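Have a look at these structures, which come just after this line.
Two complexes are shown next, each including chain A; its partner changes from chain B in the first to chain C in the second.
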Partner chain A sequence: MNYRTDRIILIIFLLISTAVAFLPYFVQSEYLLRLITVVIFWIGIAGCWNMMSGYTGYIDFGPVVYFGIGSYVAAIAMTKYMVPFFPSLFLSGLISAVIAFFIGIPTLRLKGAYFAIATFAFAEAMKQISLEFDRTFKVSFFQGSDGITLPISGHDNSFFFYCILPVTFVVMLTHYFIEHSKFGYGLKAINEAETAAEISGVNTTANKLRAYATSAFFLGLYGAIEAYWITYITPSDVFNVQKTVQMVIMTLLGGMGTFLGPIVGATFLTLISESLGTRFVEYYLIMIGGIIIVTILILPSGIIGTLKIRKRLRFI
Partner chain B sequence: MTGLECKEISMKFGALAAVQMVSFSLNPGEILGMIGPNGAGKTTLFNCIIGIHKPTFGKIYLNEINITGMKPHKICRMGLAKTSQIMEPFQAMTVFENVLVGALHGGGMKMGPAKKKTEKVIELVGLAEYAYKLSGSISVPARRRLELARALATGANILLLDENMAGLNPHEIDEALEILRKIRNSGKSLIVVEHIMRVVMGISDRIIVLNYGAKIAEGFPEEVVNDEAVIKAYLGEKLSSLKVA
Partner chain C sequence: MIEPLLKLEKIDVAYRDVQVLHGVDLEVYPGEIVTVIGPNGAGKSTLLSTIVGFQVPRKGLISFRGKTITNIPPEETVKLGMTTVPEGARVFTDMTVLDNLKMGSYIKSSRVHRKESLEMVFNFFPRLYERMRQKGGTLSGGERQMLAIGRALMSKPSLLLLDEPSLGLAPMLVRKVFETVAAIASTGLTVLLVEQNVHFSLEISKRAYVLENGRIVKHGFSEELMNNDYIKKSYLAL
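Coming up: the complex of A and B.
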């Protein structure tokens, strides 16, 4: 409704981000710092999914593929070509985006469930390719199910905190940009009525591709950072469909196509599974399942999404 | 500058020929009425012109440029916009934002000028009081105007209106006609598909009549309503006798 709330939310977001940036200087516990890093990591990843699927309504069920590609590009660049971390990181994002562009051209013509199936299939296919490529062609490139061990970084948790925080920050700023730009109005129009968007002059294909490739670029970055953080990757790990499910659920819990949705959803789910997981080791997954079901029943458009509708807010 | 020119357009869906060899032209500043019974191919013809369907045969020229088979958004940016019979507002957006999409993308404007243009267009079609309401929550007459506003905001010189007045009461129709005249006076040309004869007769400079996908008549309004074929296919005996009387 009014544009002033947008500014206020942006300012609050900037202030909190700045405050968070100083956390490693105050937080003594390594566990806590790692937990915060994981939360920020998932906010960013859920945000990547939201950027594409939340705004356009095209349910991508294989975003993990760009995460995995990012991991492998970084791992191969660092181990086989001795490229330092930061250039490999950039390369990961770039290659993910380029692949997304070419995959997007055929898949983004599909609608609804078919798009979801196609993207899911592509993710599974990439997993199989990285598993079987070496054996089939008698080379040592992806190293199949043995996985790749990256050079041990020797960096502490705060290094990775400072790798992840800026990326998540940029992902969220991109959300703000999407909400207030020509590009974003195009995406939202596609979500509402694609044909009407097209005849109103929206280049639907180009806009969808742009969103898809942008989302893939950031996912590639996260994949590379995680690979370097964990230092060991295998295809079944980095292309794990569970990652996809997690980013989808986080965004749905928070609210699709909202600015705060990924932040709230990812924080909520990560913290709940962490606190329940330590206390009820055996049953916590059942409990989380219950919580997700109840949340969606009470708040069908997600926590922020429902709030946005009830309060008739334009942007949060 | 010849405006829009359609040459022998045919559109087939499998064995069904929805549009057969229809040719016509639209001059700048003209209002062309298009009538015909349900299923005559009016909407299909529009969809061919606008680029949603690629015609099976025939060519469409806009200002002497061949636009056949171009993507709808490109055709829109070249100055040809359509309002749909089945209204498709972007429901989760406000009326203002709906129109803004047209100005931003169809008009290729930057945010600042696009907002100014949007305000003007909303004022012109008389939607100012609804501007900040969600487009899913407004009444049918208002949605019809919203469709018109979104098309206008693209800055198109030629507007195709597909039953833009269906479901309006006589008073609302008068208002809508007034808006169309204003639009025409601002130098735009229109093709109006409508079943309400009062509208078509009152506003059209020329009329073409479709039946079973083919053009059966073309001419000035008075000529068309007295045409034997048109009376038989569409108007029925009663109306024409009324007109004569």
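Coming up: the complex of A and C.
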């Protein structure tokens, strides 16, 4: 019930975002700028997972599928239909959201492990479809394991920085909206006691669908941006389950169903793997694994989640 | 002749091959407390969850205020003015007491009256007012039951369905819960109560139905049932 601290946190968030927006003018090192961009990128992606699974407790184990769909929509639109980047970007988000809507109708009725398995299976199925579609139907569309090479953008790192930052900003604002709206209360109620939510008048299916499709929309955008950034995509890259795992771990480290959780978790994990990865090339994955295990043992609800419980803070 | 608020006609409910309710007829008139008593496994909870819309009856009709609601899901029946307090008082454990109550007025029509409803709930349950900022999960069993009833009242229902409110409560609290239910009903709210505690529920209700093995085996005024030999022998152990 501490609306004052909520306001303060929002203001701090807005100030930091504004400050970050000017970074490309001050940061000279291309490496540093790229690192910051990657951090912001992962904050947003972890945030996408958090806004669905973190709040509703429905563990989605295939969010990467919407990232991959976004990548492919953008790649196909740009190479086969010569659509410019920004319209393709928007199309990626839209198509991801529409597909999520229709996938959500049957899968969101499943609970617990069944939901996780269904979403995981869908992601793997999409990977196979994009691998085998062309060979099966004798067309050139997804280009199978050859992958698609996108037009070289010629843009520098700051261009992609300014593509990713606004998307992440909107993802985080969506979190703020979720925390402070009837819709968000509905999502949390679903997480805590779904039947009780229903008898209170929450249309649980509609609420879950909205959260799922919104998260898919943003994931589609990220997929498209990354495709244009890297300029080369293959099914096993963009539908890689490792992306899912990373989203989940980042959110768990930060704290599920919290506003700051994805920000803290993604920053923490990205910076740790970057600093360890450059120093201990051979052992860094083992070290990161150890750090994750220790963190979860000490802070079982994640960094922010545990802080929230100990300090009795309502929102953060 | 007054129209019944809630009417069940020949309801059959089955979970796959196992039929739980057989041709249940039941009527609830405005302003009364009606109780359904019966032993474990008689189908009492199934009866309530069918009325609210969690189960769809295989046969039969359910109408509420003259409108057929047989196939309407729970989140829609709330909007019509019927709400339930589930068995074991499923409160939102991670939300504060106040947020729990606010969840009760989730639907638009009840949100306008949120302030008055809150006042009314705190009047009935001063304890909830004291614990307003505590998490739902930190409450005791009795307080949770109060919170669940309070949450249901927040939706401004005209019919309140209670599923075993005395379950798992200390004897002293049981009496208190029933007294509160009677007090709530005296404000004009209609109550359908499902209970194993036959003594108290017959005391506060006007009419009662006896459900055994999925069939209504007896019904009538509570006072008469209390003196009925069969009821005395099987339920009141007199």
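Before moving on, here are some points about what is shown:
Everything below uses one rule, namely that the second predicted complex is superposed on the first by the 315 of 316 C-alpha atoms of A that agree within 3 Å, B and C clash if a C-alpha of one lies under 4 Å from a C-alpha of the other, contacts with A are read in each partner's own complex, and residues count from 1 in each chain.
Following the convention adopted for this analysis, a residue touches a chain if its C-beta (ideal position, glycine included) is under 8 Å from a C-beta of that chain, and two chains touch if they have at least 3 such contacts.
Only a predicted model underlies this, so the values are computations on that prediction, with no experimental measurement involved.
When both complexes are overlaid on chain A, chain B and chain C end up clashing with each other. Looking at the shared chain after the overlay, A:156 reaches neither chain B nor chain C. Touch criterion met: A:182 reaches chain B and chain C at once. When both complexes are overlaid on chain A, the residue A:146 reaches neither chain B nor chain C. Judged by the touch definition given at the top, the superposed model places A:30 against neither chain B nor chain C.
Once the two complexes are overlaid on the shared chain, A:199 sits against chain B and chain C alike. 1, 182, 185-186, 188-189, 191-193, 195-204, 314 are the residues of chain A that lie in the contact sets of both chain B and chain C, per the superposition on chain A. Here chain A touches chain B in the complex through residues 1, 180-182, 185-186, 188-189, 191-193, 195-205, 312, 314, going by the rule given at the top.
For chain C in complex with chain A, the touching residues are 52, 54, 73-75, 78-79, 83-84, 86, 90-96, 98-99, 102-104, 106-107, 110, 133, 148, 151-152, 155. Per the touch definition, chain A reaches chain C in the complex via residues 1, 182, 185-186, 188-189, 191-193, 195-204, 314. Of all residues in chain B, only 50-52, 71-74, 76-77, 81-82, 84, 88-94, 97, 100-102, 104-108, 110-111, 114, 132, 134, 150-151, 154 touch chain A in the complex they form.
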